[in-house]
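Listed next: structures, encoded as structure tokens.
Next come two complexes, and both contain subunit A; in the first it sits with subunit B, in the second with subunit C.
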Partner chain A sequence: MTIETAPAKAEGVDTPTPAVRSTTLLARSLRLWRTRIGAVLGLILVLIAIVGPLVAPHASDEFITKPFSSGAASGTMFGTDYLGYDVLSRFLYGGRSILVIAVISTAIGVTLGVVIGLVAAYARNSLDDVLMRLMDVIMAFPQIMLALVAVSLVGAKNWVIIVAIALTTAPRVARVARGAAQPVVERDFIGATEAMGMSRIRILSGELLPNILGPMMVETTLRLTYSISVISALAFLGLAANPDAPNWGTMIQKNQGALSYQPWGALLPIMAIALLTMSTGLIGDGIARTAAGIDRERGDE
Partner chain B sequence: MTTDQLPDLEAASTRDPAAVTVRNLQIETNSGVGVVTDLSFEISAGEVLGVVGESGSGKTTVGLSLLGHARRGLRIAGGTVMLGDQNILGMSDADLRRLRGSLVSYVPQDPASSLNPALRIGVQLREVLEAHGSRNNAENDARIAEMMREVALSDDPAYLKRYPHQLSGGQQQRVGLAMAFANRPRLIVLDEPTTGLDVTTQSTVLATVRDLAVAHDVAALYVTHDLAVVAAVATRVAVMYSGRIVELGPADELFESSAHPYTRRLVGAIPRLTGGRSLVGIPGHAPSPSKRPEGCSFAPRCRLRIDECEVAVPAPVEVKPGHSARCIRAHEVVRVEQAGLGDPVDLPPSETEAPVLTLDNVVAHYGPIEVLHSISLTLEHRECLAIVGESGSGKTTTARAIAGLHHDWTGSIRLGDAELATAARSRSTDVRRQIQYIFQNPYGSLNPRKTVGETVGQPLSVFGIASGREAETRVGEMLEQVSLSAGYARRYPDQLSGGERQRVAIARALISSPSILVCDEVTSALDVSVQAAIVELLGTLQRELGLSMVFVTHNLPLVRSIAQKVAVLADGYIVEYGRTAGMLANPQQEYTRHLISDTPSLETATGDVPATAVPADRKPTV
Partner chain C sequence: MKWFRGGGIAGFIIRRVLLGVLVLFLVSAIVFLSTQALGDPARAILGRDATPDRLAALQKQLNLDSSKLAQYFQWLGGLLHLDLGTSLASSQPVTEVLGDRLVNSAVLVVLAAVISVPISIAIGSYAALRREKIFDTVSSNLMLVLAALPEFVVALLLVILLSFNVFHVFPPTSPVPVGTKPWDYPDELVLPVTTLVIAVAPYVSRIMRASMIEVLESDYVEMARLKGLPERTVLVRHALPNAIGPVFQVIAINLAYLAGGVVVIEAVFNYPGIGLALVDAVTNHDIPVVQALAMLIAAVYVVLNLLADVATILVTPRLRTRL
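Entry: the complex of A and B
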């Protein structure tokens, strides 16, 4: 060209986008009020469960005065329970076992479920069918019923409860994981790693898993909520490892008779469990909304 | 009713007052950043105005504004859109609802998602009529039958009972056209309605649009990123860049003597059927709305830039009546020979001593269906073999079989002398390293959770080539080689444009020093100027690195500037196979001729297709 005077300024290709991603999904979800409220609630209850036994005014098996006395009559804040023990102390002691069992069993269940879901989604063959139908069979029974069967067969031991809840949690997680992974498996970057000959384990853990973390985090909080309620329900039915040990579920059952005149013994644990499940629910919802927002920003996912 | 001749230009422009007049249209984001600035144009009745622009130029936004609509996050800040004597922008929502679908209608990009999958097409067509008050059933039935005939579909009541998924993409889009023309609108906005359609289908849809607009005196606005499509359908063309019309003029004039450097570069980026010139991409990328420079927004990428360009936004300069460009040097630009752009392609002759890749009698299946029938091809050292065909022709299956991504095939594929296993997993590491595959869609082929550096470095660790510091250095060098900077390694794919993503995919393929590169429609998801840049890059890298390449595409003209050999596939058979230059100039098969004349290109629009390449049934009757 004859009238060419200046070389183009932008010879290279460059975009003015930021070089480093500023925040992660979790951090971003904390910008939402629902997540913050959920996190604060959860933190308070976890603190009660952990620190509670250390600050409790009485031991968990210290007889104060006759059962179902009011606070004023017994000289305690919330009165006494069905055994004549201090309600507040029993409450402060009673969260730990529920939380620990819930967290352990959910963690095992989610891990198992994610592995099964990923394998099934990636297999795309009869293995997928076999795994998922197996999960369907387990899911055909309500979680609480299978847990009841296990506990009544083997006995109300902590590990039995953990295994029962983990095994019943896994299929539900597996189904969600498979659903989330299926569209990812079809995308070309998985094909690219296959063409490279990358090992299956590396494809599942390094390529697939990071792409379903969002829904999995949401699912984990949801499963935690269900685990807490199942464990509380088992305890309510008297199926805790030690029926006389302090436990929010047991407290509700044993103290419900006095709800009309000395309500605190049942009311405190009811509120705690309600708030705890609400907190995990709020956090899960916050993460889900943030993940959806990020996907919208990206536009193409 | 379909003719391949452009409607008479004179007739269109001498018609009475414009059906649609847009004056000083301003559209901005809610935070006040201008997306479309100072836009003015008019469309006469029966005329198709093509609006061309790359992604982000604001062309779809303009299209929607003619319906009085702005996408979420945007608002129409000023200007008028006059339809006859009504200002669309000043209307109430209720008035707009009455207007849309009756006087103004819209054909969206993706027919599959714009039709309701749960309703029979007859019901959907009836809805359009009933929504605007026509409740007489017998009359509506007659209208629907007429509409179907107009878009060359069957008016059989049984056909109207079909659901959208029972129609092909082209048929769906024609139903979309029928709905748009149903109430005899005065203005119709088409937003890339042929994207994703096969060339043959596209060519009939384009002809339908043109004929319907002329037959019913409808003003049509045709939004597209594809200049060649515009050449086939539009009488006048508006080229958009950074939210402004930079050039507006009659289609043929605009292509032959563009007055804006941007148009000139765009035209230069279109693959030519005859020329055999190299494609020249446009360096850099369009600025985002908030970062547009003071003066001419194309100035930073323009080779003809002078200092005045950066002072103020150039006013439109009229180079000929009805042809104007926003460039202060328009009069100089318009005199430069368009043909001078791009160097003649000088593809090195292929070395023929021993083929690097041989396909012998390859038969592939998808489930019980045989999709490839006895495919035999050879790829010589340092040669590029193009595989061309419409969707469903088996071209991608062939490529995937070579890379071991499609497992269900029999026959023999040899790399040098070594037989290849069907699946990539069963092949040796070295074979997998030597054959690298680049995917069609760069939006799907990069893991969104991995940085560019991690993605590009992956082959190094999988093939055990390098790790740690050395791998990092190599990734940096590779990124530079595909014209990105080493700093890109820290970015995530969603921070990149489509062209940049495809460069990353190329870097991933090349970092393990392969000998064969399999490219599957690598440019079809990209803008024309980006496509040119990618093809340019691939060609250069191929020559520099001594690669052999299999280049799969549906775009026959594109092949001209990159491949020595072409195989045309149809329904899983090789229809024609031979040297590129010879085949494009003198195709032996009727199918190839149809493919050439249906692919929109400047030649097909202006009737410059070599006589030998015109299908027998389209020969002009003298």
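Entry: the complex of A and C
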């Protein structure tokens, strides 16, 4: 992906600065405390979401005792929920779907956005204008609203939620990708690759993309944060694919009525979503700062 | 669009308005297509007891027997006359169903904007002045964390903190009854408005901080200081007006975001605004209401962005001369 050999420095020639590898950027960002805290938090929550179902003391649909019983009364750690199920087990089961849908939809949205942004930046003609106006149209809908409307039309299915989130993520990413790629397109080494007869796809993927990896990694973590927000908010509004399945958003919705006397059913998933979004936010900021630091060292800015 | 330049500020504003109209026109086409092509509202209303006769009658009543294109222009014409059709759930005009709710939501958004913008500009500016000092570190990190939290999580944490579990100060829900106005219940507005303020403040204060730092390092601020102007004058007369330009964009984007953000907040607090109306309409498949709200929120977004672009140009002399 990157240019391995150091290019010869010639006077007055715009030699390409080797793009920073994404792994280098990640490793260097881990020198910052915020990234470390974010990574540890994220790791814990991902572990809970993925391993949770394997270690849960009860099945996700096992009736324990009457709804909203305290821990002592039901013989469980955090009591029972609105259905009389074990809060802890529902919590351990409830993160997986949110996390999986968030990662898939963000990945699709970011890929789509980067492709559109790079094509627009490289085109430098009316195609650029048309693409970006189209992105404006989609961006006129807030993410949560478009997702709500999509769900109302087609039904609360997982693929609908994924498509809605990917579709609303793409234009926002495209804007950033285009902004980051525009100055790169103007540089001499892009002209050189064109002169060498390199194909458009290879220029976009091999030359442009590595040069905007930093901002794109930051954007990806930001978008992942928002995807988690929107997906859990949809479930909170009662629009998860399966309203009876254990899901952190659904748990908050159904158990919030008992917050004053049996808070754990809502409190655990609230904390989990808060810490999960915090962790992606911290990691993103850490990467952004590291990338800015590398740019400063090189004198790009 | 290179043919589309020149004309100074007036030309710029006209261009932006035309672009906005174009975007809204495309938005209306998308809203109409997606709401019409995917479901037959007559079938949705009648549900399981849809006999072919009743279906045909209702389709005629809803004007569904004409061509899609004719329906679209009829709907669009109605929109331009502020006739948004009839709600399928309540059989009342959509404007009547949404009128009060629009006022309620506007109260939330305007209050949140009026409170959050000055606060976050102050926080951002002060953090820039005390760069890398304790206030800057604390506020920057706090804002970073708050920016990441979903609004409904912020809302619920406030409810836990201030209504249920720690303090018992503010009511946990804000169900403004029909016929009354939200400002009759100031204590019920506190939590929803605070949530919205927390949702917006991080973005505005962060961009304000960055913009202020840049301005404080500029030559003209240095010059003003060297002239011996009092620090107060340097900041208020020279630094602040120049730093605030880029902030308009972020404020506009965030206000537009609030128009969408209220959806979930209103659901948390059971506050009868357009957000709750949207959730209800979505649950009831009330397509005219969904269409009207989608157009409304999109229009708010386009208009706010337009205002931000114009305001940015007007307050930034550097950009004005470049037109």
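Everything below uses one rule, namely that the second predicted complex is superposed on the first by the 276 of 301 C-alpha atoms of A that agree within 3 Å, B and C clash if a C-alpha of one lies under 4 Å from a C-alpha of the other, contacts with A are read in each partner's own complex, and residues count from 1 in each chain.
Everything below uses one rule, namely that a residue touches a chain if its C-beta (ideal position, glycine included) is under 8 Å from a C-beta of that chain, and two chains touch if they have at least 3 such contacts.
Values in this document were obtained by computation on a predicted structure and should not be read as measured data.
Trainee: Have a look at where A:193 lands relative to subunit B and subunit C in the superposition and call it first, second, both or neither.
Mentor: The first partner, subunit B, only.
Trainee: Once chain A of both complexes is superposed, is A:277 in touch with subunit B (first), subunit C (second), both, or neither?
Mentor: second
Trainee: Using the touch definition up top, name the residues of subunit B that touch subunit A in the complex.
Mentor: Residues 283-285, 288, 291, 299-306, 329, 332-333, 336, 340-341, 403-405, 424-425, 427, 429, 432, 435-437, 439-441, 443-450, 455, 458-459, 462-463, 483-485, 487, 490-492, 494-497, 499-500, 503, 505, 508 of subunit B touch subunit A in their complex.
Trainee: Name, in rising order, each residue of subunit C that touches subunit A in their complex.
Mentor: 1, 19, 22-24, 26-27, 30, 34-35, 38-39, 141, 144-145, 147-153, 156-157, 159-160, 164-165, 172, 256-257, 259-261, 263-264, 267, 278-279, 281-283, 285, 290, 293-294, 297-298, 301-302
Trainee: Give every residue of subunit A touching subunit B within the complex, in rising order.
Mentor: 1-21, 187-189, 191-198, 207, 210-211, 213, 297-301
Trainee: Within their complex, state which residues of subunit A touch subunit C.
Mentor: Where subunit A meets subunit C, its residues are 34, 126, 129, 133-134, 136-137, 139-145, 148-154, 225, 228-230, 232-233, 236-239, 252, 256, 259-260, 263, 266-267, 270, 273-274, 277-278, 280-282, 285.
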